[in-house]
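Data block below; observations after.
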Amino acid sequence: MTGVTLQGAIKRYGETQVIHGIDLEIEDGEFCVFVGPSGCGKSTLLRMIAGLEETTEGSINIGQRDVTHVDPAKRGVAMVFQTYALYPHMTVAENMGFGLRMNGHPKEEIEEKVAKASSILKLDQYLARKPKALSGGQRQRVAIGRAIVRGPEVFLFDEPLSNLDAELRVEMRVEISRLHQEIGATMIYVTHDQVEAMTMADKIVVLRDGRIEQVGAPLDLYRNPDNKFVAGFIGSPSMNFLECDVVDGKLVHPAFGAPQTSPVKLPEGMSKVTVGMRPEHIELNHDADELTINLTEALGGVSYCYLTTGGGEQLIVEERGDSRSPEGEKVGLQVATERLFLFDSDTGLRLR
Amino acid sequence: MTGVTLQGAIKRYGETQVIHGIDLEIEDGEFCVFVGPSGCGKSTLLRMIAGLEETTEGSINIGQRDVTHVDPAKRGVAMVFQTYALYPHMTVAENMGFGLRMNGHPKEEIEEKVAKASSILKLDQYLARKPKALSGGQRQRVAIGRAIVRGPEVFLFDEPLSNLDAELRVEMRVEISRLHQEIGATMIYVTHDQVEAMTMADKIVVLRDGRIEQVGAPLDLYRNPDNKFVAGFIGSPSMNFLECDVVDGKLVHPAFGAPQTSPVKLPEGMSKVTVGMRPEHIELNHDADELTINLTEALGGVSYCYLTTGGGEQLIVEERGDSRSPEGEKVGLQVATERLFLFDSDTGLRLR
Amino acid sequence: MTVASDIPETESWFHKNQQKIAPWIFLAPGILFFAVYVIIPIFQSFNLSLYEWDGLGQAEYVGLSNYEQLYWEYVDRDAFFISLKNNVIWLFMYLLAIPAGLFIALFLNQTVRGIRIYKSLFFFPFVISQVVVGLVFSWFYNPSFGLLNTMLAWVNLGPVNVLGDENLVTYGIIVAGLWPQTAYCMILYLTGLNAVDPEQIEAGRLDGAKGLRMLWHIILPQLRPATFIAFVVTIIGALRSFDLVSIMTEGGPFGSSRVLAYYMFEVALSEYGFRMGYGAAIAVVLFMIMMCFIAYFLWSMYREEKGH
Amino acid sequence: ELTGDLTIFLDTSNPAPRATMEAMIGRFQEKHPDLNIETTVIDREAYKTQIRNFLTADAPDVATWYAANRMRPYVEAGLFEDVSDLYAEPAIAEGLASTKGALTIDDKQWGVAYTYYQWGVYYRKDIFAELGLSEPMTWDEEKANCAKIVESGRACYTIGTKYLWTAGGWFDYLNMRTNGFDFHMDLAAGKVAWTDDRVKQTFMNWKELIDMGGFIADHQTYSWQEALPFMVKGEAAAYLMGNFAVAPLREAGLTDDQLDFYQFVKINPDVELSEDAPTDTFHIPANAKNKEAAREFLRFATSPEEQTIINNGKNLGQLPVNAGSSVDDDKFLQQGFQMLSTNSTGGVAQFWDRDAPAEMAKVSMEGFQEFMVKPDNLDKILSKLERARERIYK
Amino acid sequence: MFPKPIEKQSAGAQFAYKSLLPVALLFWLAPLLAVALFSIKPDADFTAGNYWGVPSSFEGFNNYGQVFFNSDMPQYLLNSFMITIPTVIGAVALSSMTGFALGVYKFRANLWIFFLFVAGNFVPFQILMVPVRDLTLSLGLYDTKAGLVLFHIAFQTGFCTLFMRNFIRALPYELIEAARVEGVSEIKIFWYVVLPLMKPALAALSVLIFTFIWNDYFWAIVLTQGPDSQPVTAGITSFNAQFRAAYHMMSAGSIVAALPPVAMFFLMQKHFIAGLTLGAVK
């Protein structure tokens, strides 16, 4: 059992608290992704697990072992850094074997492990090169190889792909997924890239301001967000939100034309509610005229319509195919009731 | 009339020629975007128009005026740089007013113009700050403001958004489009971002190796590319290409299962042809088994299927909605004949 | 998957506190040396300045009397006054190295063939010992055959005896000092110019800034780090000036080219000197002057550190 | 029969004196084969500061130094051995009587002299001949000669005052001739105010020469060696200097037909003539380890035979201190010896910077230099020196 | 680039610039050229008043031969090397450690210790003179090369620490963290990770310190005396005393004394300039 368990983990830098008591369980062999806005504490949390930052309060277990105050080297974790952190003066093979060498492992063992890792990562022919003679993707692979060689129980990645260009990013993303399947170790991965999170994760942890907003499988978060923050954060373009009045249990907003039936039973006495709709779930009703098309961006396969309500609220609608609605046109919305997400206007919590 | 006209514009650095005779007409008030792979000469061309690079041969006209050898400051152009190039030691207001000050405009006039530009860009409250106290997006706005203040006939942008993060990029993109509508000046814009090019441009110029590949409106390029390069370059994910045999005027490829009718009349004696299909135009046929699904990436609203043919060719298919095809499944393709693009296998030219 | 962590859980105290102890281990030799040879001597000098001591017998505590003497020397416009005055002249004149260095750097910031060699040759004076520079310049000024008078003669001027004239001598030495210092500032500016953002220059061109206005409004502000460093090293160089005075004039004629650094050496260690306490008092005064600049430097460094 | 180690520190760093001393030590070694002699030669200028260190820290057995006030700090700090016992020995008492005074402080002797040399006016005989001049005997003749020389487009005297002490030589002579030896010594001892009219008179005499253009221009930038060429090239006619100037003048090409010497003329007819004759000395540091051998070395070095050898023209080219030794027949040495032994009745001074305490010497010589450049500053200079005197002699 | 590249200007301007360059250089280096000229002249030229003209005969070999075979110059040169090289090694070694400690670890006193080094480096070293001299005396190291070396190492450590610490600060901190995660001890991190990465800084600093120490004059005369231990800067003054007013010899001596740092500069130019601008302070 080499899952990772955090209990009430807190991190303070002097006075300022940046992690506010995280409870989290990551299963053995799981691929867990931390997402959240910049500065929400993703890296800090990861570094706490790695042991690079002291945990102020709470505990961190890896497997059955409490590692809260254990030296990074002794936690059985390996970390892949955003900047790769390859030693520029060592060859690929030396980079990968360095940790073992420093810990006094015999030469043959190191060579064998390096050979194995490099064959997994198709790095065999680069073993004698220095990092600066490698492309970005290759460097990233070496960084991963260095982690593999040590045979850790947990891999930690901090935005490992953000320094690569778009194409390579796709490639490496696929590669890391494959690696995960191959070695089956627990992996914790920090990113702010929607696509990476959605495609790689077994479990996504959405963080905000040092607190967990929601934990779940990617499509669960997409389909079933717990609150407005998660709903807006997952999915691209972001979910549209409208502040609606509740009248007789129906949702009333000028943009809808006629009042909409609520998909869920609304609590008694609630007079306002935030309704969320994903751009890809809305269709334009060219026979209505509650909204104005501000701008249409046609990308070929898909177009985005930017709409404004009479009250100045902004909406985005995704249109498939080539159809391009002219700017300035007046249109209405058409959404299936079951596609609507309802949130408490005050707390942002999902109503279901 | 303040369009920009290039005639046989050539740029040589010593021996190496990087721009090979560009003829281009940009209308008054048009928003023209240069795209192309890295190193193709986009920036060079833009800088030739700005006067920052000598034009080796050919001529450049702005409006009716031949400016080929005119000083940059006297061309009536303003440029927005990728790195913003704000003067770090000057406040926002000083940055914006600097050009006018250098040209001896009276103080009141400068103040007035700066005030006007900053209200357009919502920078009023930052006027007294230094650039380093601004966010990326604000800096970019100051850079644009600096251009506006000088009231140029032509705005030049060199990848102005590439240093911003995804969200801000979208925001600024919309802002620049709005600005273009508002002041109606001619704008030339260099980018390598698909979305920017498609959404902002009135006219896209696709460059390769210092030559123009195609000029046209964004959707024209998407729908009607002149050659394989443009077809592959415009649209995301990229168009899939398959090398097909031509048998009896039909297109034969294992991936298709049955031979496909060609959408255009093929020239006599042609035995091979490159067929292009956009990922968003393909549907999966779950009853056939010519292809294997390698990997499916579900992003919520859309999923991408990575397929391999028996011969090892890679294809990407975009699937709408939540349906997720299991990895390893054998599937076939389904494309409307009229959605196929045919290219000469040797020259890459479109067959139509 | 095995982990390379089969070390027992009970680690040594050292191991556990490695990160807390390690810096002190690394610092120890450096701090020791530095303390023994630099920090403690500073305080010893402060202490010594309260004594009268000829370096042979017993030191005699005299309180502030050394400083009182300095004060009287100041009032009577004697050696201490002259040294202080010359140090001020040094401070200001030496700063000319900064614009001069900038000028040469601008002159050399081109890419014609062989420019690298030119740049290195222009830098040459800095590498040469001040002893040699002093010697060379005292010949240059030599009233009987010096090149200076030879050249002045071409334009029907002179002759002047720069190093023999109590009003000119300090300036003459400073000019000799400016020679290497200018070279130093030049190199700083050359590297600074290399780092100037070309896009800002282009933006400036589009804004219509040219020549001197470009220099003033766009280039110089960007050269601020280089200017700052040049300023710091020049000030320090000016206050430390010893070699040239010692080589070129030994403080003469009749003591009119003394600076504090030389005067204290003269008082404390030269043939006719050996007033250790008095020398220490002069050093303390010099130290206090320098402290203003050190404090300024540290302060701006502190701001930068905190800025990160 | 001497054994053990004997360390000797010498400041005779120039090639010729160095060889002379090493040869002498060689002869001493021959006499005492069992003695392990170690000689260290230190640059003359460096020696002057270094002596403080080695006397206290790691003392040799014998060290060179200078007589009179110059040795006073070390005597007072108890760093030199009292060698009065040597002077009690008849051979030394007789032989070294002439320099005994210079080595006496508090009625005890602290070292022995090994050489000395005269000062005087070295002049270009051929120029004098060309202008029809003869060696002056009186101050008026001196001035008259000088006027003629200046008239001929030359300077009377070359001098290089960059290192100050050369001006001290002029002051010594002018003051001793104006006010006499005792006054001079009182001044050096701080017993007379610098603002005293008698001191002023000395400077007024000096000023006469300065005002008539007697000295070469720009002397404040030259060292004494750099001033030599003026005399060699005939741009200046004379040089008030120690006898050591003869060698470089000869080397530069002046023959004995061109070069001659006369004693500094009388100024005040009422004072007896006195001379500068700096004495170089050997001392035994108080911390020396082999004082017995050191004493023996001092006896050896001052013996009539060795004195004759080391001071002859091929070696030091100076005057022997032992009455029993013979003076080389070099004409300058002969003249000098003659002058010092018969015509210096007022007394023999060591030299300004050896007779006056170091600090006073420094300040005053700076004043002399300034005076030579700006004679009109005299009052300012003298009041500055007076302030210094009040401070230094407390 | 500023000023505007000359290639982009008229042919006339280009020609003017290119011809101005050597003239300016000649002017700039005139004092040095004069010394070089002096050093190959015969003595007779000076007595004959031919100071600036063509040498009447080439006496280069003779003069330099004298310097090397008839003076203490070779000994002084040797001393300089024996002082400079250990100082460079010592200062660089000490400061790579202090720089590492101050650049990598976060502890309360960090900045203050760092400032102490920096401030110490800027102190007018005259204030150290008397105590350091006494210290050296009491250690029995007065007038020894070792005494000078020890002091130089200590004093240069201030500057070197500033330099090294800033350099190490600029290294990616992840490299150290990566090693820590891999279980590398702090000392091994220093030795195997940081030190190899500091090679450019080590080279630059070594070159810089070499010239600083080689050219030091003040401490040479404060702490040493005589040809046994004095470096060439101080030696040249007694050399000059020996050859007072023999300008050809003094020139030759000066050139010999100046040569090693000049050679160093030419060989290691890149490092040298990197050093100046990286450390940027003397």
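Going in written order, the chains are labelled A, B, C, D and E, and every chain counts its residues from 1.
By definition in this document, contacts are C-beta pairs under 8 Å (C-beta built on N, C-alpha and C of every residue); 3 or more make two chains touch, one makes a residue touch a chain.
These numbers were taken from a predicted model, which means no experiment stands behind them.
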### Task
Count the smallest number of chain-to-chain hops linking chain B with chain D, moving only between touching chains.
2
### Message
As a test of understanding: of all chains, whose mean C-alpha position lies farthest from that of chain B?
### Response
D
### Summary
Sorted by contact pairs, first entry is C-E
### Query
Centre to centre, by mean C-alpha position, how many angstrom separate chain B and chain C?
55
### Computed distance of Cα centres, chain E from chain C, in Å
14
### Query
If you average the Cα atoms of chain A and of chain D to get two centres, how far apart are those centres in Å?
93
### Task
List, in ascending order, every residue of chain D touching at least 2 other chains.
45, 49, 56
### Message
Counting only residues that touch at least two other chains, what does the list for chain C look like?
### Response
4-5, 18, 218, 269
#### Entry: Touching two or more other chains - residue numbers and ranges from chain E
183, 185, 237
### Message
Quick check on the complex: what are the chain E residues that touch chain A?
### Response
172, 174-175, 177-185, 188, 192-193, 196-197, 199
### Message
Under the stated contact criterion, what part of chain E meets chain C in this complex?
### Response
1-3, 5-7, 14, 17-18, 21, 24-25, 28-32, 34-35, 38, 46, 49, 51-52, 94-95, 97-98, 100-102, 104-105, 107, 110-111, 113, 115-120, 122-133, 135, 150-151, 153-155, 157-158, 161, 183, 185-187, 190, 211, 214-215, 217-218, 221-222, 233-234, 236-237, 240, 247, 250, 254, 257-258, 261-262, 264-266, 269, 273, 276-277, 280-282
### Query
Any idea which chain C residues touch chain D in the complex?
54-57, 69, 76, 78, 138, 141-144, 161, 163-164, 166, 249-250, 252-255, 269-275
### Query
Once bound in the complex, which stretches of chain D touch chain C?
45, 48-49, 52, 55-56, 73-74, 76-77, 79, 161-164, 217-218, 220-221, 353, 358-359, 361-362, 366-367, 369-370, 373, 384, 387, 391
### Query
Once bound in the complex, which stretches of chain A touch chain B?
174, 177, 194-195, 198-199, 218-219, 222-223, 234-236, 278-281, 295, 297-302, 304, 306, 318, 320, 322, 324
